[in-house]
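The data blocks that follow each hold one structure.
Each of the next two complexes has subunit A plus one more chain, namely subunit B in the first and subunit C in the second.
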Partner chain A sequence: MNNEAKTNVKPLLEVKNLTKYFPAKGGKEVHAVDGVSFTIEKGETLGIVGESGCGKSSMGRTILKVHEPTGGRIIFDGEDITDFNHRKMMPYRKRMQMIFQDPYASLNPRFTVGDIIEEPMIIHKMGTPKERKAIVQDLIETVGLKPDHIRRYPFEFSGGQRQRIGIARTLALKPEFIVCDEPISALDVSIQAQVINLLEKLQRERGFSYLFIAHDLEMVYHISHKIGVMYLGNMVEFGTSDDVYKRPLHPYTRALISAAPVADPKQAKEKKRIILQGEVPSPLDPPPGCPFSGRCPYATEKCKIKKPDTYEYDGRKVACYIYAPENVKQYSDAGKTPEEAVFLK
Partner chain B sequence: MTEEALFRKLEAEEKNDEFIAVESQTFLQAAWKNFKSNKRALVGGIVLIVIVLLAIFGPMVAPYSYDEQNMALRNASPSADHWFGTDKMGRDIFVRILYGARISLLVGLVAAVVNLIIGTLYGGIAGYAGGKVDMVMMRIVDIIYSIPSMLYIVLIMLMFGASVGSIVLGISISCWIDMARIVRQEVKSLKEQEFTMAAFVLGASSKRILVKHLLLNAMGQIIVTVTLMVPQAIFTEAWLSFLGVGISAPQASWGTLAQDARSLIQVYPMQTVYPMLAICITIFAFNFVGEGLEKALDPKRKR
Partner chain C sequence: MSLLEIRGLTTEFKTEQGIVKAIRGIDYTVDKGEVLGIVGESGSGKSVGMLSLMGLLASNGRVTDGTITFDGEDLTPSNLDTKKKKKQYEEKMRKIRGNDISMIFQDPMSYLNPIVTIEKQMTEGILYHTKCSKKEARQKAIELMKKVGIPAPESRLKQYPFEFSGGMRQRIIIAIALACNPKLIIADEPTTALDVTVQAQILDLLKDITKDTDAGVIIITHDLGVVASLCDRISIMYGGNIMEEGTSDEIFYEPKHPYTKGLLASIANSSADKREELKPIPGTPPDLLKLENECPFAARCSEAMEICTKYNPLVTEFSPTHRCKCWLHCRDRYKEVVKGDEADE
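Take a look at the complex of A and B:
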């Protein structure tokens, strides 16, 4: 593909330098999301990984404007929706949806399953009551529930079934882009696979794009086309899932992937784990330099003073000085790749 | 035994035989079942229904009106003609108590409506909006709360005269405060739940989120609070009338009846006891029902 053709294909969602600070006590601010940029194409899944509190969920919610962004731009299908109010957002609400983490909290306990699935269509004034009922029937079966479940209440269902109800509610709007905010972390392992398979099937059939937030690396690798790794509100590495998972570049990604458990005990014994020292800094008072500099075994003085830009290296984006063009050149002059030069020293 | 005898393949229609699930009940069905099993609440409910029926239909069929005097028959003892006897003006006490029930229940009804509409919406809006709006709204509530209700009730009485309307207005001004605070608290915690965020992401308007998602879920708490606020209002009216700032003679409220009989308490103590009993029974009945509802509507019982 030549460059011209590339620019003509607009990504479905483009996030530029997105920032979200929450006010905290004492005039301080929680830096939940601190300048994150990425794009999602049609029919593609972007997996976001990172430990608890790294701003994954806040980012997902800010993109859907549950929180007003502090800075940056959100561009959906060529339209900048960053400053849209409730009324102007309405057509986009239909196209951008969310699946929630806690299937016990995300369904109104006083609504029947039928009411829950019908509600989005009532809000967007879609169809007559009769047509809506037919769609509800249809959706119930699409997500693998029984027609007689319509008159039941959420508390009568298991976690996996409730998550299906939540998915059916989302599908009622026929969205194009869905933020999945840890949709499986509250479910049993056996049920996780069912829900994931359902999400994948829907993507194949309807061409959804997902922003899939999770902390289970294996699962994200399995479902995603691209992976973004977040640390303390920053996107430290972003690339295709094979690249990121099989050949992590950023020191944090390397530590994260080495910490993932392996099913085979023999392999697990041989596997070298990178044990990180220290703790995640408080997002109330992030370090001035690279957010990871305090725990990074390869950190230099420069890392602690100035935050690295995001560098393009080997087809992906990495926010680490190791991959700064001048350093890469220096390493290659010595006949090594940056990884060999730094990690295998 | 052979393996075949032990295990056999299920027929298609047998596969669902072991489908285990609780009987599907709506929220209200479950609450009603729960309420019925609570004897005290049930008795309270029946007593309330009897009181309401007596208050509505009693005066219609009674042979006397509330201010009909019979000077020949003053301070009479209970008899077939006068079930609770007569007072110092020869008026039938039973009929007067029935009229008093009308006033008390009217006060209670108005208090309930004010609580449900003003208290619920005020608290709901304050809790949902949060921030500065919440702050200002709750400070207004604090101000209303800090002025003794006696003060504006007396002022209203002076302006509009001592009538049922004035006392109802006076009680309405402040009776919704507790409700507003309770609803605000409830809405604030419900607002943090994911289903509220889900509704927002779906594009629901603030009004829809507040009414369909927040207040609907706070309904149990709201109903319980109403049943506990009503007896409070009834008691306030009786107490004000007893002190002479409420409804005045010849109109009969339970408070004025007790006040009228007070001067004769040493000679005819029963004349004071009847209205007091009426107040007690009504308030107990409301409280029992409120308690029963609180247990029946508690969402934690079901999950």
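Take a look at the complex of A and C:
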């Protein structure tokens, strides 16, 4: 892709060391997002994968300031919006939008489809009623619904059609950045591809940037330019989707990708699956060291005591001691890459 | 003779809007030690078929046609017109449920009773179906928990469901299903509620169990990835019909039905070129209230002919295991269905 042209341009969104803790009973805190950093360029899709409770949705919402961040910085189009209050946020809300997971809960059942799509424009005082009606008319067709659907109510639509209504509502504000929080997981298999193709088409035509949150790894690989892998509030690996998917570096990413079921009997038989022991620990009291150390087959004493930094390795960011510069050097002195030294032992 | 044989099963539900034919004459056979996968989208009737077999239909549901033979015994729940017949059927099923046939449900959170200890829930079925003391039942429960990989079973027996994680609860449910050495195990979306890495653990466990026991297994799912790695044979359902059935190789590598082909093309596959656009199936699943005798897929099928919109297709056999219900493959046999003047067209 045209990465060369972009190198001097500011990223559309920059997230630095973002944390979000939720208060819990007994003075404890849920460490939902625990120091995450990444950037998204214009027209780019960043896929976020991870298991339930890893903080991927909390992160998406914190970036949009639906939740107030506990720490770190959110920089959108060169402007630090971390401490913006409600009023200052208003123009940014227009530019940063969200598509929700549940197309049943995210549409007001008492509004007609036309009202639903028009509402955000009324809130942001855009256009005259006549202009707004024309925009609604236009959007309905853009997302593949019929003009006479405008006067109908959400209950008359299937899941996939509702998701299209939700997308039309998002588009009404002409956003630049959209958080898609599990937009297809509530849909039937034959409908998922329709919605994915629509999102891709809109990106091509309008240059949207997406933060695409999902747990279907194959879909995330398909739609994303870059992938971030989250585990217990931490981003353990970040790189281009081909790199992360075809040659995962972090032990957790390796296990996650190997465990994903493939819809192909021959591949499924040949695939070497890494079956992890145990389950994700509670974010109420995360382990003191590396969040993954309790389940990691390669964990050392050090991993259990001190959380690793995020290291740059091979054009990627990995939070694992295996890729710490001193270790990489040690391995290369022995004539091996870290992967050969650790995983193929 | 097959362990389970279902012939022409038809189930209807009475609703306020009218009669919904949820399944329309389906045939299944399952042999001992065989794993059959039933794949379908929501509303395709994949669960209703199994609920009809177990006699667990909601009160507005009724089996109107077909026969069910299990292990040489007739379990057909039709013609239950008198109270006496109903009672006899209920008694017969009570002896079979959880004993000869057991079920594993989708949601491990809501299947277990939250205010009853694991011990009581695990031994309940054993005490009901076998002559043994509480102590023996307890011993059996401990053995089962070891078998499904729950550490420290003695102490965990005294705990309540909320003290178990999602994956552990699903293991408990599998243990309960295995308690009385069933001849047939029906797993309805056994891994849908679980995370990828935990899903891999449970699928491995199911695989081991099917190898160890001689039981027949039916897995109901919407996830083609799950059936690819687990099933000997696969049955594709749509709109209450079995559209295609075959070995997993036949379904994945030589699909005959346009719906099966569409389904396989619409899922993202990491081995394909990722920049290749997904090919969704246009349209939405049929409204079962409005569906008449036509092929349920006709409205979305790119190869639909006139006959498809009027008559349900006949079954064509491609091999002893591979059959498909589509007019494309049985055009020349239309006279078996179309009578009189219409046949001349």
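Some points to look at:
One rule holds in what follows: the second predicted complex is superposed on the first by the 337 of 345 C-alpha atoms of A that agree within 3 Å, B and C clash if a C-alpha of one lies under 4 Å from a C-alpha of the other, contacts with A are read in each partner's own complex, and residues count from 1 in each chain.
The working rule: contacts are C-beta pairs under 8 Å (C-beta built on N, C-alpha and C of every residue); 3 or more make two chains touch, one makes a residue touch a chain.
The structure displayed is predicted, hence computed values, not measured ones.
Using the contact criterion defined above for the overlaid structures, shared-chain residue A:241 touches subunit C, although it does not reach subunit B. In the superposition on chain A, contact of A:191 is made with subunit C only, not with subunit B.
Residue contacts after overlaying the shared chain place A:125 against neither subunit B nor subunit C. Residue contacts after overlaying the shared chain place A:25 against neither subunit B nor subunit C. For subunit A, the partner touching the most residues, choosing from subunit B and subunit C, is C. In the superposed model, A:100 lies in contact with subunit B only, and not with subunit C. Common to the subunit B and subunit C contact sets on subunit A is no residue at all.
Remark: subunit B residues 21-22, 24, 26-27, 193-195, 197-205, 208, 212-213, 216-217, 219, 299, 302-303 touch subunit A in the complex.
Taken in their complex, subunit C has these residues touching subunit A: 41-42, 165-168, 195-201, 203-204, 222-226, 228-229, 248-249, 252, 262-264, 266-271, 274, 277-282, 284-285. Touching subunit B in their complex are the following residues of subunit A: 61, 64, 66, 86, 89-90, 93-94, 97-98, 100-102, 105-110, 119-120, 123-124, 151-153, 155-156, 166, 169, 173. The residues of subunit A lying in touch with subunit C in their complex are 51-52, 158, 160-161, 188-194, 196-197, 200, 215-219, 221-222, 241-242, 245, 255-256, 259-265, 267-269, 273, 275-276, 279-280.
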